[in-house]
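Multiple structures follow.
Paired with subunit B in one complex and with subunit C in the other, subunit A is shared by the two complexes that follow.
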Partner chain A sequence: MEYMPNFQLHRPTSAEEAVKLRSEEPEALYVAGGTDMIVNVRRGIEQPENLIDLSGVTELKTITEDDEGLHIGAGITLNEIATNEKIKADYQAVAEAAAAVAGITHQQYGTLGGNLCLDTRCLFYNQSEWWRQSNDYCMKERGDICHVAPGGKRCFAAFSGDVAPAMLVYQAEVELVGPEGSRRIPLSEMYQNDGMNHLTFNPGELLTVVHLPKALAGSPSRYEKARIRGSIDFPLAGTAVRLEMDGKKVKDIAIALTGVNPFPQIVKGTEDYIGKAFDDASLDALRDNVRKQAKPMKTTTVAPWYRRRVIGALARRLTEELAG
Partner chain B sequence: MSEKRNKTLLHCTVNGKERDDVVKDNILLADYLRENIGLTGTKIGCDGGECGCCTVLINGVPNHACLRLAATCQDAEIETIEALSEESRLSAIQRGFHEKLGAQCGFCTPGMIMAAEGLLRENPNPSEDEIRQGLAANICRCTGYVKIIESVQFAIDEINSRGKAA
Partner chain C sequence: MNEIKPTQSIGVSKPLVDGPEKVSGKARYSSDFIPSDSLVGRIYRSPVSHAEIIEVDISEAQALPGVKAVITGDESDEPFGVLPIARFEYPLARDKVRYKGEPVACVAAVDVETAQKAIDLIKFKYNELPAYFTSEEAMAEGAVNIHDHREGNIERDVEFDLGETDEGLEAADLIMEETYNCAEIAQVQSEPHAAIAEYDIERDFMTVRASTQVPYYVHKMLAKTLKMEESKIRMIKPFVGGGFGCRTECLNVELICALVARAAKGTVRIVISREETFITHRGRPETDIDMKIGVKKDGTITAVDFKAIQRGGGYSGYGVVTILYAGGLMFGVYDLPAVRYRGLRVLTNTPPPGAMRGHGTTDVRYAFENLLDKIAIELDMDPIEIRRKNLLQGPKYETLNEMFINSYGLPECLDWVEKESGWKERRGKMGPYKGLGVACAHYPSGASKPVNWTGEPHATVHLKLDWDGSITLLTGAPEIGQGSTTMATQCAAEILGLDMSRFQSLTSDSKLTPKDNGSYSSRVTYMVGNASIDAATNLKNILVEAAAKKLEVKPEDVECLGEVYRAGTQDEGLTFNEVVQAALEGTGTITVKGNYDTMPESWGTKKYRGGAISGSMAYAYAAQVVEVSIDPDTFEIKVEKVWAAQDVGKALNPLSVEGQIEGSVWMGMGQAISEGTLYVNGLGITNNMLDYRVPTIVESPPIEVGIIESIDPHGPFGAKEAGETSLVAFIPALTNAIADALGVRPVDLPVTPDRLMELMENYEKTQEAAE
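Up next, the complex of A and B:
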């Protein structure tokens, strides 16, 4: 990985300045912690002529609270989220997911925004320049074909951020600032099912704040992932479950998945469980429903069938634990 | 692509000494420390943030020097393994690795020690689990980690007993 393009580094001090720089250099890339981006630059996957370093933008590094809920700046580090008492108490899955990202050192400078905007990953994509070259590249980067599904026209690279599913079960919203001004959309609308282009950003937009609603504060939740190395790794499959019980009956439930599709996905059909009690048969049905909606492809060294089995088992286990 | 290199005037503190260096925009902190300043204690292992050998402290927080652009360390305080010994006496953590045989081939050791240093500054009395958690981003292929954990525990005991003696 000795390769390093001759880019120019810009260090804006405000989000407005960053967006302005980006509109002047449309091909420029934003970089925050750089735990993933710098690796991709060095592997030649990204070949920027301009990098916009966001580490000096202090306005992105605040957590505030008001009647509406919690507002977390995109520049907050994952370790700050994992150790924040308020987040640990009110949005447990979010803190657990942040603590599950890579290793502790990465968490201390990797950011929330970086994890939510993480590029999709694939066995044939996250490789060195010479590796990809000798394999004729792939459609996500310079090539024409997909090695995961030859003959297909789609890219199946998997979204592998840990924090997104935990944010999704809390119906988080995100603030995007662009040259045309800012807009606020549900986090779920920030993603689409396309491994080549999984973010729905307009050109030049920057993720600045994530809003967690007060209405769901304290709603019990968990996050768990399967990975090859327990100490540091991307998820092979990960799931966040939020489950509120009213006695023995389900009051509210939401499940979201990561690592098994090109975008972090909310599991459909969970509203059917509301008002009912869980038993073995309905937990099995929930597990099978999760397995059906997870579509892992051969994007990791671990076989897709295993990841599909494990994601169902994780969702079932977390639901059973939360149901008590 | 233009052959002219983009450069930045970097002002930072390395191991307590203030520096002003012209650095290329695309040079990594690990290369800046090793090539420009000659501090070769910081090792480059995997070169991609997976092994932790290049761990240094930036403003007291462990960072991977191989994933950090030098030009982003403006006004930062950088500490490397070379800063730890006091008047050529080993620091408590370094002595722990020596006494408890925490190093075999020694390649991961500077990163391990810097990660442990960052951990102990944050939490002076970590449990064994907390030590494992604090060193989770560092890989050692020789020791099997048991000796490394013992080394850090040795350092904690030594620091604590020194505190009592004073």
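Up next, the complex of A and C:
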């Protein structure tokens, strides 16, 4: 293991204090479970002089329910989400996605907020300092070029969180607290299609709560990811599907993807299926539509064409299963 | 009185004698030795793949406060290497660097941050040369020689043609051939490499602790590269977290550590990262194989013609042995009337591979068993039947390369997997995307000719018996988790009829324990086990003599029952402690030794150069059946169940044997379905445990182990190799199962889902085109 560099660790006990600390040390980083961040710190990808440890902020560790829906604190661990009876019953894909993250030990530490804010990943980026230095770095970090698409001007590092697509199909909203106060936005607006800068946060903002709407509670959903190993691996491609049927006909449908673009995205065009019954032809069309919108690049050792093929197949399979 | 019996230890499932320390966390590994005065060592590694070194400027690094020493290739001009004929590697690069990550300099400093700062201050000036990352590039016309003395970048070119291969192929009714590519793989043992070197400047004495499988070879290379007397070095192997061949030769880490400790006039500890452990490599080389087999209509093999090209990395390591094994170990599983082999070991600008578990044979056996399976399908034969058709005609059968085979349990292995897997009833009736596959393999029980020929016995074990009645077993055999200390203790305890609790052990400390060549090529059970038996027999003779004197009878009339020695059933006899007391009278503490040497008949053939490689006292055999299912949408492969039969001669410790076979299956599964190193311009892009995909416990299938005991006439209590053979058999059994499930046959390794999907789609296209 690479050695841990020195940094100042701050341990606030409230979100307000955390945000204040962050505004005093603008280069500081928030750390929750640390399962991904600390690896990046050891690799010199992040070189923070100050780390703001959120593990003591108890207000981020609650799950509450009211008429509006379910409110999950960003500090809730993935394991708590995966095993929460309410989430399992009402928002199944969310629980499945949390249970699909890395391995069981990561789920004990990793948090909802951490997984939603996960840095994008790329084979040329998630490497040691010596490695990146020997390879002239890359545009995402200290360098100028992209090794995935040489000559390109964009970064294609892939968003690889499992939970985001499951939250997206439920139209989740997020609470962001910053120096200027808090704001609430749809989760989909928290992301943008830029591997270097995929989060739309204002400086110093902290994700505190994720809201799942009551209106969609119990709407059937599933999450599945393709990976080489049944544990540890990030998704090569992952998809959440939420599908409500009215008899044989589609009442409501949403599909979201991860691992195949720099941000988790909602598949466009699914509203066309509403009011219709699924048959092989329309399921194939759905599969092809998903493939078209997934644009994996060579950010993993597994071929992009495979990831595109497989994400379509998974979306089709989950849809067919949910259609009954 | 009549109920007294010697305690039985052989054939009894025994927990490992060093288990409690490991389970409780008390075991100390190399990196756990942190003396208060120890300095931190860090290695500066080459950022380029192939270059002439112009200058390594360490002046600024040396000037940094807290830095105690900075060394470069100037520190030692003595090359090292495991094979006396191929020592071209320096602890720190001199003149040239030959792969990205090769050590160029080393810093010893008071703490890790200072050491890293010093590393950042080193200025490496070089003149870059063309670099070759594949065997093909390195062998291409006009390629620059990576080593001056290896023209065309060929480390070794092996050729033999035994029997009448051309005639055999002409006589065949069916000839099939296929080209295979097997990815380079790494062991990914749990403990990254670590060394701690204490230099005693007053005595000019060096003590080194290191994570190694071969402390004796490390000792020799320390003396060579440090230019110190061998007697001025003490080499200790603490607990080791796995070997699998990655540390079967002296590595640069321990040499660099000792060199920098001497330069710093103190103690230095180097614990390298997982990435650096991948860079140090010594795993299995990428291998390209052309395999051709000719058979008669009834499946009888008439000839085998094959070629193997191994990407050997920047230095030889065990390379010459690997390419020879790849050829020689074609023999010994089946009755082969003619075999032609061409093997090329190529030098490339990648980290050097080594002697990984299943050394030399794994990839070639994979290709052979995969192709034989294809032939069986083509001939409409049961894949088990085609194997039976070609079995050796008994254990005394002489192979064309004169292997010394005295036990051969392969037929029983095949019977066992056929029956237990329900092969006959289930195969072909499992439904779509499910299948069964079979394959066989073998592996030597140690190389009969040692790497360093000294005339000393292959193995020596000491037993020390003292006044307290306890016996200390002293062996240089490196315990690396494989159970060698338990095995040696069991052998001695069995001979003496004593409970194993009477024994303690001391292992792998050059000042205390007898020399041992090391833990590799599955030599330890066979050789050290026999030496342990010899030592215990010698001790028993002394005890019987002493008991006879005390009982006033002839030694041949003394009955040894372990805890009691007596003269006939009516005699009350002497307790063990009384016998010990009698034996110590006039002589004091007793130390006996036992030796083992191989028989010249097992030293391999002289029919071709290098024929000694693959000569062994005994060969273990395996047959395996693998059941798979494949996800029709993602082509993810699930190994549903494995039936693994291995002829281990005699299971000295069935619990340990089962563990070895299960571990072999699991490691073979990694190579088969998910593992492989990848490089981008010579930079290892999978040098971490996320991108280099070792299977997890989730992938671990149920494994039924069938232990077959053929009782080898020369093995310790009949035992043979138990830790490698089943790895070799798994890989082809898996691809053969996939072929059974899908109708399409994987050829290249690993069989990842994307490769399988591509194969299937191409297959479907050709099917459609045919229609």
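Assume the second predicted complex is superposed on the first by the 322 of 324 C-alpha atoms of A that agree within 3 Å, B and C clash if a C-alpha of one lies under 4 Å from a C-alpha of the other, contacts with A are read in each partner's own complex, and residues count from 1 in each chain.
Methods note: contacts are C-beta pairs under 8 Å (C-beta built on N, C-alpha and C of every residue); 3 or more make two chains touch, one makes a residue touch a chain.
Treat the numbers as computed from the prediction; the structure is a model and nothing was measured.
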So in the superposed three-chain picture, is A:Gly103 touching just subunit B, just subunit C, both, or none of them (first/second/both/neither)?
both
After the superposition on A, what does A:Leu60 contact: first (subunit B), second (subunit C), both or neither?
neither
Would you check which partner chain A:Asn135 touches, where first means subunit B only, second means subunit C only, and both and neither mean what they say?
second
Looking at the overlay, what does A:Gly34 touch: subunit B (first), subunit C (second), both, or neither?
first
With both structures placed on chain A, which of the two partners, subunit B or subunit C, ends up touching more residues of subunit A?
C
Just checking: does A:Met167 make contact with subunit B only, subunit C only, both, or neither of them? Give me first, second, both or neither.
neither
Contact-wise, after the overlay, does A:Glu49 reach subunit B, subunit C, both or neither (first, second, both, neither)?
first
Which of subunit B and subunit C A:Asn6 touches, first, second, both or neither:
both
I'd like to know which partner A:Leu116 touches here: subunit B for first, subunit C for second, both or neither.
neither
Please indicate which partner A:Val302 is in contact with in the superposed arrangement: first for subunit B, second for subunit C, both, or neither.
second
Please identify the positions on subunit A that touch both subunit B and subunit C, taking each partner from its own complex.
1-2, 5-6, 103, 231-232
Residues of subunit A defined as touching subunit C within the complex:
1-3, 5-6, 103, 123-124, 126-128, 130-131, 133-135, 147, 226, 228-234, 300-303, 305-306, 309-310, 313-314, 316-317
Quick check on the complex: what are the subunit C residues that touch subunit A?
45, 47-48, 100-101, 112-113, 116, 192, 273-275, 633-634, 636, 674, 678, 680-681, 683, 685-691, 693, 695-699, 752-754, 757-758
Which residues of subunit A touch subunit B in their complex?
1-2, 4-9, 11, 34-35, 38-39, 42, 49, 51, 53, 55-56, 102-106, 108-109, 231-232
Which residues of subunit B touch subunit A once you look at their complex with the stated criterion?
1-3, 5-6, 8, 25-28, 47-50, 52, 55, 58, 61-64, 67-69, 71-72, 74, 115, 133-138
